[in-house]
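For clarity, chains are labelled A, B, C, D and E in written order, and residue numbers in each chain start from 1.
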Amino acid sequence: GNSSEETSATESEETSSQTAGEDSAQVEGSVSGDGSSTVAPIMEGIVEEYAGAQPNVQVTVGVSGTGGGFEKFIQGETAFSNASRPIKEEEAAKLKEAGIDYTEFQLAFDGLTVVVSKDNDWVEDLTVEDLKKLWVEDGKTKKWSDINPEWPDEEVVFYSPGTDSGTFDYFNEVILEDEDLVSSATLSEDDNVLVQGIQADPNAIGFFGYAYYVANQDTLKAVKIGGIEPNNETIESGEYAPLSRPLFTYASNKALAEDPAAYDFMKYTLENAGEMAEAVGYVALPEADYEKGLADLEALKK
Amino acid sequence: MKYIDQQLVVKRMNGRNIVNTLFKGLFLLATLVSLLFLAILLYRIGTQGISHLSWDFLNNFASRFPEKAGIKAALVGSLWLMAVVAPTSIILGVGSAIYLEEYAKKNRMTAFIRTNISNLAGVPSVVFGLLGLTIFVRALSLGNSVLAAGFTMSLLILPVIIVAAQESIRAIPGELRDASYGMGATKWQTIVKVILPAAIPGILTGSILALSRAIGETAPLIVIGIPVIIQFLPSGVMDTFTALPMQIYDWSSRPQQEFQVVAAAGIIVLMVVLLLMNTVAAIIRNKFQKRY
Amino acid sequence: MTTVSIAKAKKGSNLNEVENTNSVYLTKQLNLWYGEKHALKNIDLDIKENEVTAIIGPSGCGKSTYIKTLNRMVELVPSVKTSGEILYRDRNIFDADYSVEELRTRVGMVFQKPNPFPKSIYDNIAYGPRIHGIKNKKILDEIVEKSLRGAAIWDEVKDRLTENAYSISGGQQQRICIARALAIEPDVILMDEPTSALDPISTLKIEELVQELKQDYSIIIVTHNMQQAARISDKTAFFLNGEVIEYDQTDAIFSNPSDKRTEDYISGRFG
Amino acid sequence: MTTVSIAKAKKGSNLNEVENTNSVYLTKQLNLWYGEKHALKNIDLDIKENEVTAIIGPSGCGKSTYIKTLNRMVELVPSVKTSGEILYRDRNIFDADYSVEELRTRVGMVFQKPNPFPKSIYDNIAYGPRIHGIKNKKILDEIVEKSLRGAAIWDEVKDRLTENAYSISGGQQQRICIARALAIEPDVILMDEPTSALDPISTLKIEELVQELKQDYSIIIVTHNMQQAARISDKTAFFLNGEVIEYDQTDAIFSNPSDKRTEDYISGRFG
Amino acid sequence: MRPSVQEMIAQSKGKRNKKLIEKFIPVILFLIASVSVLTTIGIVVTLIVETITFFTRVPITDFLFGTTWLPFSNKEAMFGIWPLIVGTLKVTLIATIVAVPIGIGAAIYLSEYASETVRRVVKPVLEILAGIPTIVYGFFALTFVTPVLQSFFPEIKIFNAISPGIVVGIMIIPMIASLSEDAMSSVPKHIREGALAMGSTKFEVAMKVTLPAALSGIIASVVLAISRAIGETMIVSLAAGSTPKMDGDFTGSIQTMTSYIVQVSKGDAGYGTTIYYSIYAVGFTLFVFTMVMNILASYVSKRFREEY
């Protein structure tokens, strides 16, 4: 994934200098956000470039996870909150209670990738049904041969992101459908740890963000879902369903309206999110979606 | 009648000496094993991260490109953190120690404060994180500032500093105190002019070791939620910042393998800072040991 | 050895003088308890100006306790209780409005173990004047030199005033401590076994010094060395179990003790 | 006071006996350095069986160093170097194959400050026999009683053998330490100022004890109290600056010292 | 000629200042010393307020006596603290097994056998182990100790209690070694000499004299080290996994109280949810645990202190 990264990097650098040229109005101030660790790499790229375009705006972004980010957003401590899932009802209610109006912006897609070790020479393709059968707890030990009798009679070893992550939440929603996760699964908040576990064990299966797969292609194998392989095209087009999810940021309307720095940063974010997403291993939204976001933003400006 | 048979004593001597040698070996082994752990740890960190160490690494902000990623914000942030923690914790720690050693009467309140301090020393750092989040970040609205994190860390290491300062104050011979009182000095004069100067080496060593704990603590920062994506340096104690362990933790959870190397390089920087602090402490300790 | 004979000669001549009448310290029915322990019992002592008063007695008899009562240092032990009076220059030092700091400024003290501060020699001597508000560098310089000369150590340390006081020998340290006490020009100097930690030569030096200081100061010295008491003091008080058994001219005590216990003690039968 | 006279009587009678000829310790040209410091210089001493040998001298002259060399305890100081020979019962204790533990089993030691183990009185006394392999409870009981009787403290502690040894007075503790040394039935007992931390009455008790122990053991005792040396010892060695200035029958040393320095010292002119 | 020193002293100002200072300094210092008390009060109040909210949603009996910890369950969230306690105890047990013999062994070596120079060098070097940031240890456990263990015992999973246990043990070695060494070397030299003079070997001195005399200090150091192990966070967060389980298995993923708090702090739980409040309840339990350990340590060091 190295070379592609570098090319997109140069591209994005160009873009940013263009943007800076267009928007020569310099602003000052500070903007703070927090939230999803999944969104963090995109944000890091944007903040890095933005520091060049607007050196007088100080942007800080925390990585407390989607939930942790909303917690601060509700407390009014941040101007925007990154999320790897849509806001939950309770959170929206709390925001209302706190008198914070917000706008949801989509930033990119993340393909939730189901992976096995490169040493696993039997699994290539699984259906959503297969995934359900594998991952939902039913009180029995799961063997590979349960799915396909030709596969080895070996116990399946499960790796999953922590139950407290946006990634898990999404998997829960589309695959588990609120059933319990298989209880023998090894859980970790740290996706790299999952990578390590899965690559070493041919009987292992796991899932996590597409970016982690991209970075570890030499030791991991992505499983096709219903015959569709996860890649930029299939994710962007929505073909890789249902396992691709949108990534968001939620911004405070008040901040966007009253704080030129926040407005400017959000504008810059929407203008650059697509390219930055690709650069760090995610997938850009269709161009129209960004334009819609920019229009929403424009409407908030006083 | 003789109970002790010298012949027998001589005979048994051999066996006793062998036991002695054997256990000496075992105890030495225990010492060496601990040193070995340290060596392996340092070796692994060194070999993993050394390739990424460069001036640029120290002088760059974090980046999405592993090869450009630098530690400037975190390093400077950690120094800022220390700039708050050191004076706060040392003033509070030494003040408490002076009170307890020189002024406190032997009553229940004093006993309570003492017990309280030793209990506080064992409270896990995550719990201090929860305290800092509730009191400094939220209740006092300090946000993710250097000040909020600094106060949290100060409270975390306060008991260690108090105990170190108490010990070094207690180690000052009573004769020095007597000499000062004997000249007509008041208590506070004696404390400021005689006791504190004599206790300073001990206080400094204890404080440096405590500060080196503060600089490596991760859990409270995570609980407080200080940011990691930051492209500027704090210019005051009310600014947001990031710190070395946070940055390292963040890098290590990135998907790209290259970031693991960056994280290891970050660990080297952190370890060098720590070793420097430890060395300073050891030098102070050896240099000023037992003057009186 | 010459010094000893000089000292003896001096003491001899002293005896021929008219009896000194000015009291510096007048102790009346002093009792002192460490908690339950009755450490000083009905002490009556009249200590005269410009004399050397020696206090002798076996270990634990209360010598240190008594001398530390004279400048109220004994009150640093929390459990201490006293009754009775000590008049210093006709004023009761236990009076509520008597400031201990003031008392201690007038009464210098030298301890058993040399206890210089871990500072430079200069700062050691300047300590007292400084805490009492003397800041002027020139005056301080003068005081330091004068005090070091007074303690007969100026020549040995004049070139190393900035060195740490712990870099010199024990005997020199003890003289530094004496100089430190002299620096605030006290009226009385209390000494608690000032030579017991020293070698014979340093001891002789300190003994000589005491003889000289007597011209200007009243000196009260505790010693476990009876020969020393005999050599340097004008009067001697013998303590036993917290009581004063005998108090008299030193010569009288040593040549013709009136109490059997005094005799036993000075003939080395115990202690 | 009676005891003192008894002691003196004993010593007197001793003189009338035939000169003892069996050496326990024969020190030949012993030199000892602490790093650069030359602490013992060409010591030659012949110490006889079943006598009390006193070692006197001013502070720092090397008394403790010498006595600690006799059981090689001095080697605990890492910088120590020695030359010369010490023959204990005709064998050089510095020989490479001489086991220090064995030497120390034969030579007991009593220290300046009472240093019982923080254990019960019983366990203190039984410590030695136990490490030497005696496990039998009955034999241990017997040894404990015999040793405590030997140290003249049985009656005082027989009902509190299980109490911590630190719960008794300093003088009693010192006798416990003597009893502890007796429990392994040593040949020689070394004592380094065993009474200097004690009150007069405890001191007398220990002095009496030393006189009794002499019947069965050879005793070498360091003391700073010259009267004590005079009272209890048969021979006295006077040390000064690491050298033996004079070594003779105690009476000879005290009544008629042959060296001027000895005379100065025992007449209290220094130290 | 200048006036006498006593005259100058009498003239010098600041007498009244002195009195004032002497009066106010103790008050100020008392206030400073109260900060540590306030901190404890702060911790207790912070934890208790949120814990009470938690108990309005989850019955306290479920929390205290429940044996299933399933906060994220989709069907019925369960908050029985025991699996987290068991996880914590597993790690603590392993850490103790590693650290106590090595720590005390090293302490004996340093205090009884090593030369002054060796001790002066080795002690601070060992103390470096205690100063290494725990996050570094966490990666060491995960990327070094676990693979090494797996190469000997293939049944060990990537997350387990053993590897973080060993590493927590390594981390607390210097605490035990250093504090025990302090306790042993504070046994007065003359007591040791008493034993040596009776012909004891150094081993006998160590076992029969020094160790018993220093026992209270040694036990206290062990108890303190254990309390540190209980509260250790990053090592277990990284290497122990996040599977709250109540069984005797050490080879598989577990979860401790501390790693649960970190998991939620870094995670997705919405503010104000039961899960959010649960971290305070767990934090409070943890606080109680370490508090008990510390009280135990001070009790031990008082109760078993030898008099000398």
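In this section, contacts are C-beta pairs under 8 Å (C-beta built on N, C-alpha and C of every residue); 3 or more make two chains touch, one makes a residue touch a chain.
Keep in mind that what you see is a predicted model, and the values were worked out from it rather than measured.
Chains that touch both chain A and chain D: B, E.
Set side by side, B-E and A-E show the greater C-beta contact count at B-E. In this assembly, the chain whose C-alpha centre lies farthest from chain C is A. Averaging C-alpha coordinates per chain places the centre of chain B 49 Å away from that of chain D. Distance between chain C and chain D, defined via averaged C-alpha coordinates, is recorded as 36 Å.
Touching of two or more other chains is recorded for residues 101-102, 105, 131-132, 184 of chain D. Listed for chain B are residues 9, 16-17, 186, 189, 225, 252, each touching two or more other chains.
Within chain A, contacts with two or more other chains are made by residues 37, 63-64, 68, 75, 190. Under the touch rule stated earlier, the contacting chain pairs are A-B, A-E, B-C, B-D, B-E, C-D, C-E, D-E.
Chain contact summary for the complex, chain E toward chain D: residues 115-116, 187-188, 190-191, 193-201, 204, 208-209, 212-213, 306-308. Of all the residues in chain D, the ones that touch chain E in their complex are 71, 73, 76, 78, 100-105, 108-109, 111, 113, 115-119, 127-128, 130-132, 164, 166-167, 177, 180-181, 184. For chain A in complex with chain B, the touching residues are 1, 5-6, 9, 30, 32, 34, 37, 40-41, 43-45, 47-48, 50-51, 58-64, 68, 72, 75, 77, 190-192, 195, 209, 211-212, 214-216, 276, 279-281. Residues 2-4, 6, 8-10, 12-13, 16-17 of chain B are the ones that touch chain D when the two sit in their complex. Every residue of chain D that touches chain C in the complex is listed here, in rising order: 1, 4, 58-60, 199-200, 203-204, 225-227, 264, 267-271.
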